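Shared chain: subunit A. Partners: subunit B in the first complex, subunit C in the second.
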Partner chain A sequence: MGKRVLVIEDEPNISEAVSFFLSRDGWNVFTHSKGNDALETVAHRAPDVLILDVMLPGRSGMEILRDLRADSRWQKLPVIMLTARGHSRDRAEAEAAGASKFMTKPFSNAEILEAVRALAPQ
Partner chain B sequence: MNTFNLLVVVCLAYALLLFAVAALTEQAARRGKLRWARSPLIYTLSLSIYCTAWTFYGAVGYAARSGLEFMTIYVGPTLVIIGWWWLLRKLVRIGRMQRITSIADLISARFGKSNGLAIGVTILAVVGTTPYIALQLQSVTLSFDAFALSQERSGFGASAFWVAFGLAFFTIIFGTRNLDVNERHHGVIIAIAIEAVVKLIALLAVGGFVVWGLSDGVDDILARIDSSPIAHWDVRPGRWSALIFLSAAAFLCLPRMFQVLVVENSDERHLRTASWAFPGYLILISLFVLPIAVVGLDRLPAESNPDLFVLTLPLAAGQDGLAILAFLGGFSSATSMVVVASLALATMVSNHIVMPIYLRMISGSGASVSGDVRDVVLFARRFSVAAVVMLGYLYYSLSGGGTALAAIGLVSFVGIAQVLPVLIGGLFWRAATRIGALAGLSLGFVIWGYSFFLPSFGPDVVFSSQVLLEGPFGIQALRPQALFGITGLDPLVHAVVWSISLNTLAFVVGSLMTFPTPIERLQGAQFVNVFDHSAGPRAWTAASAQSEDLMIMAQRILGPKQALSLFHNEVREQTGRPGRPGDLPVPTPEFVGKLERELSGSVGAATAHAMVSQIVGGSSISVQELMAVADETAQIIEYSDRLAMQSRELEKTAAELRTANSKLTKLSVQKDAFLSQISHELRTPMTSIRAFAEILRDGGDLEPHDTARYASIIHDESIRLTRLLDDLLDLTVLENGQVNLNIRRGMLNEALEQAVITAASGEDGHRIKVRRDANSEAVELSTDFDRLAQVFINLISNARKYCDARVPELTVAVQAEEDTVTLDFYDNGTGIAPEARDLIFEKFARMNTQRAGGAGLGLSICRQIMMRLGGDIRFIASDSGAHFRVRLPKDGQTA
Partner chain C sequence: MARDQLTGTRIRERRVTLGIKQGTLASDAGISASYLNLIEHNRRRIGGKLLVEIARLLDVEPAVLAEGAEAQLVSDLRAAAQDLDVVAIMPTAKTPPAETDRTVEFAGRFPGWAALTVAQAQQLAKLEHTVAALTERLTHDPQLASALHEVLSTATAIRSTATILVEDRDISPEWLARFHRNINEEAARLSESSTELVRYLEAEADTGPLTPHDEVERFMASQGHRIASIEEGEAPEAVVSTAQGMSSQTARDFLLRYLKRYARDARRLPLKDLEAFLCDLGPEPDAISARADVPLDTVLHRLTHCSGQEALGLVLTDASGTVYYRKPINSFSLPQGGPATMLWPVFAVLSSPGQPLRRRVSQVGRRDLEFDCFAAAAPSGPVGFDAPPRLEATALIRAAPTTSDGADVWPVALV
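And now, the complex of A and B:
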């Protein structure tokens, strides 16, 4: 059984695309589209890698990340942040909040794949 | 030719000599060759008019009657000029600063230029001086008679009239020849100086004759004095103090003394010489008084008048030449006094009484004051001189000439001493007021008149002897010579004590109870602090000192650099070569004028004039000048008010700018947010497109239906991108006002119909039922129907996307009014959350990011369109579904 990747992303097309190419690479992919119950979903799915969009309905990705890092269970969880806003201060904020990787949309699929592979615990 | 005729001839020749000297001096003065006439010596000699016929003849009589008491008359002035030189200096300085013309003018100027006060002092001076002038006429007459008697000729009673006439003539010729701003009369002063020398020589000659001719030298005369009855050193402290005080007061206050001391003074520093030379003169002139008196009492018959010993002793000894010299001395004493006194009084009378009345009369008659005022003033002066001398003559005729000379002199002294408290107070006490001065002067004058002047005519002339003894109406307390029941005092001491003390009391109390007017305050400060307000003593040749003062002032006002260059340029112009540092230009009238113009640029014309003239003219600042200064100050205040207003306006502008700036900052933040939103809206579909495009490109084991699906996602997202770009462009065009509207007439229901067809059912199969009312929709409009339909489509598709009712339903209600049409769009969903309502018209204010097919610009575009169409779109708050109200004019002129 492959490692688990959770994708929290409100754009269904993007989730679908990411799910597709990660699944094909052998990852066990779960998706979620809302911000407000993201923490529960993380607890429920217990992913090895988390892909987290910044702009989510209900709750922003930044807040979710901070909450995760405040929880001892998820302090080590690799988190890849995605954003469609091109602000450099978003990158700084994400890194300060504890993101493992920060990527700007549109990304290349290979890039994500590589990041997931690199970050997933051996 | 007998002695009497010789006397008349010598007398006339002497008079002619004086006329000639005066005339020559005046001529020299006009040609500006007067340095010698302005020497300290001349000034000191002119002061000797203090020594009148009273001193010349009367002192001997006084000594014969009362012993050493006569000395008090000399002690007073000596004390003043030695001990009170600072007071004299202050008087002289003020006199020059304020262009004082008389003691009345001084008092008036000090108390706010009050003419009432001036009139009071003038009357006091005239009344006080009249007996004195009478005294001089009497002495001349008596001395003529002494000659006549010795020649056994008939009495020469009419001589007093001719003497008076001659003196008035002389005074009019040389005292009122023309008007001098400084009221200085050089011819008169020189004539008086000569007379001063003549009377001193005459008295010394008679004294020498008495001591070495009639006696056997100094030892003999001292022995005679010791054995004579007047050598009882009859010192009465009360009377002596009163006399010393009186003579000191007279020296300061007598109109003629004020004239020579202050008005005729041309240089403050002359006082320094006078302070030792004048006491010296007094000592010389009093040196032989006692010997003459003693020898006269010894040698002459008991009934002979001791007042004439100076004359009768040489006559009795057959020394006619010496007698004529003595006569000339007496004549000099009398005439110099009358001339200066009548001159001083005439100035006062014409300036303070005649001219004000004349000016009031002509202004009352409507005539304008023209150049002939000068003539009027001159005439007034001449008339006043004649009147004053004639008044003296009348007093002499009426009083019968019987009273002793010294007694008459004392009456005058006490009268004029009434000015002293006000004078001293005015010079040293800033709080002194006009009312106080008036009260003091009036009370003093009344008490003097009642207790001393009127009784001096003798019993039964003005007061009956009964009134003198028992008081008016038998009231003992009001007895003229024993006021308030105080008896046993010498009449002189009595009068001095009561009049001066009550005068002073009234002055002080009156001043404390009243407030000085502004101009009184101003003048008070000018007088009391005269040395702070004026430059030090300045000689006529001290041009460089003036330049220095001008330089200091210019530096203070123009700034050191500019002032220095101004003065340097002037030096270059005057000398034709560049000045060395420290060189100062000669203050020529041209330069002073130039400087004044420069200064007026900085401080205003009036102030500049006042400042310059204070230095150059040595004059005071007149009221008019002060008013002008005040005017300028007011203008400056007004100007600074305007500046303050301007600065307030600037502050307002700055505040507005700050507001605008913060608005701009906010706008900038909004712009950033907008760009960030656009970035997000563009990148999101692009991400999907890129991701699926890469999947398709990479190929691999793709199911055919996946391939088709991914291609269609790429397609849909491309369309979404395109629509987003279209909306953005549309909004930009609308916001910039660059949109071209296509206004035409049409029916509202057509636009609605088109919108419903387009928007009521989406591509995703979502539908919304739209309720309409055909009747109310039949409204004819003139507007851009395509844009209007765009608004309707937006509202309908929003309702379709967001209405969360089980069976979504949108109602469109139309209400047509006269000029406008109102359309209400409301659905049956749960509506918009209250916290989101404010934002719905903002760009990208999508309620949630769940795919709604729009970019969040719809309502922003609607609002822009409605603004362009001259209407508006609003969200209507309600508890039920979302409710939008669109209003637009029927006759749509574009906004």
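And now, the complex of A and C:
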């Protein structure tokens, strides 16, 4: 079984598509749709890469990322932030919070795949 | 291949469309089937009387067969190829540039796909223009940001799923059906959200009630701000399903959110009980709250449903101060669907949920008109040990019975 990718995204059809093409590429993919218990899910799944949407019900992806980086277990976890807002200040905020990669919607499957492969070589 | 060299292709397409056998057409035109076959595969040029005769048999103008109906299509395709920088759009896809030297052939052989490509390019140009115009407003308008987020989310789902369908050749029938269903769902959603976005943008220049918030407000006004079926215990979902004037899913979602709050408060404080308390205690929210033993925010809300209280205004916001429902009041401008200004009393109560607030207020520029604003914040649903409460603020506004000297009047502004 390949390395683990956790996708935290509240849009089910995006989540399903990302999960599908990453699985086809050999990744072991888990999905989650809520922000408020995202930290528990990360702890439970212990992913090698986290794909994290910014706008989530319950809690924003930025807040989740800051909490992850404050936890010694997840300081080096590669995190790809997804957002529909591509403002430079959003990008700067994500980078300041510790994002490994920042992608704006609508992204291409190839971009995601390339980023995941680069962040966690199989 | 030049456009006029595709005459045979067009003859074949027209013949097949009409359901005429190749042998039959050849016989009627006075040529052999094998010769027509060569013509149809563009291996023999055709013109003159034979072209006129075949066009007559196929019930089409000879020029359409000779020149094709795709001249405009070819022009639009070339424009699309010039406008779209594929490398910039998909920098990692290693996509070669469009084969512009074969545009005529593409349009002639695949007119449907070519038209789709042009339509997508034109739609993309429109969206780019819209996005550019919105960029500045996006920062300041949460309702607009939400609408745009919806459009981009659906576009993402469609793009990602469509890519899978195009690139993955070994997809199982189950996944195929699933992804087709997903695209269908998202396409419907995109259609609605983009239409709603355009309507929202156009609403600024229109005095009509066009935004989802306006639709909810108009619906509630048409009901006299009181829904008899909710008072009788009907499910909010049932009311929303039959509500008139809700032209979008967002409007229905806003209405459902409000009606859930309405149903909760109606269960806590039935109308007949509230009206009895009003008779005994007068329109004093805190006294009614204490007597009825229900939260103050429920009383503030329910007062707007009582007979004789039609002149009361109401604003409901989420924890960020963003208004999700409002009942207008004469001579006092309430905030639209976006965030209420920091000067509103709702912010004071959101920062101290246990402490309600009563303030005499007047609007900037209308100091002669004073209003009493009663505000309270409370959790909007169940609370848990490990999660922060999701607060809502409720503000009731009514015309002040008397005018003060202005010393303790809060000035409130919408911007």
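We take it that the second predicted complex is superposed on the first by the 120 of 122 C-alpha atoms of A that agree within 3 Å, B and C clash if a C-alpha of one lies under 4 Å from a C-alpha of the other, contacts with A are read in each partner's own complex, and residues count from 1 in each chain.
Rule of thumb we're sticking to: a contact is a pair of C-beta atoms (placed from the backbone, for glycine too) under 8 Å apart; a residue touches a chain by one contact, two chains touch by 3 or more.
For clarity, every value in this text was computed on a predicted model and none was experimentally measured.
In the superposed model, A:R24 makes contact with both subunit B and subunit C. By the touch criterion defined above, A:I51 reaches neither subunit B nor subunit C. When the two structures are aligned on the shared chain, A:A94 is found in touch with neither subunit B nor subunit C. By the document's definition of touching, both partners, subunit B and subunit C, reach A:P106. Applying the stated contact rule after C-alpha superposition, one finds that A:L77 touches neither subunit B nor subunit C.
Once the two complexes are overlaid on the shared chain, A:V42 sits clear of subunit B and of subunit C alike.
In the overlay built on the shared chain, the residue A:E114 is in contact with subunit C alone; subunit B does not reach it. Counting contacts by the rule stated earlier, residues 11, 13-14, 16-18, 20-21, 24, 55, 84-85, 87, 105-110 of subunit A appear in both its interface with subunit B and its interface with subunit C.
Contact residues of subunit A toward subunit B in the complex are 10-14, 16-18, 20-21, 24, 55-57, 84-87, 104-110. Across the complex, subunit A is touched by residues 676, 679-681, 683-684, 686-692, 694-695, 698, 700-701, 706, 710, 713, 717, 848-851 of subunit B. Per the touch definition, subunit C reaches subunit A in the complex via residues 90, 92-93, 138-139, 145, 148-149, 152-153, 155-157, 159-161, 163-164, 167-168, 175, 178-179, 182, 185-186, 387. Contact residues of subunit A toward subunit C in the complex are 11, 13-14, 16-18, 20-21, 24, 36, 55, 58, 84-85, 87, 105-111, 114.
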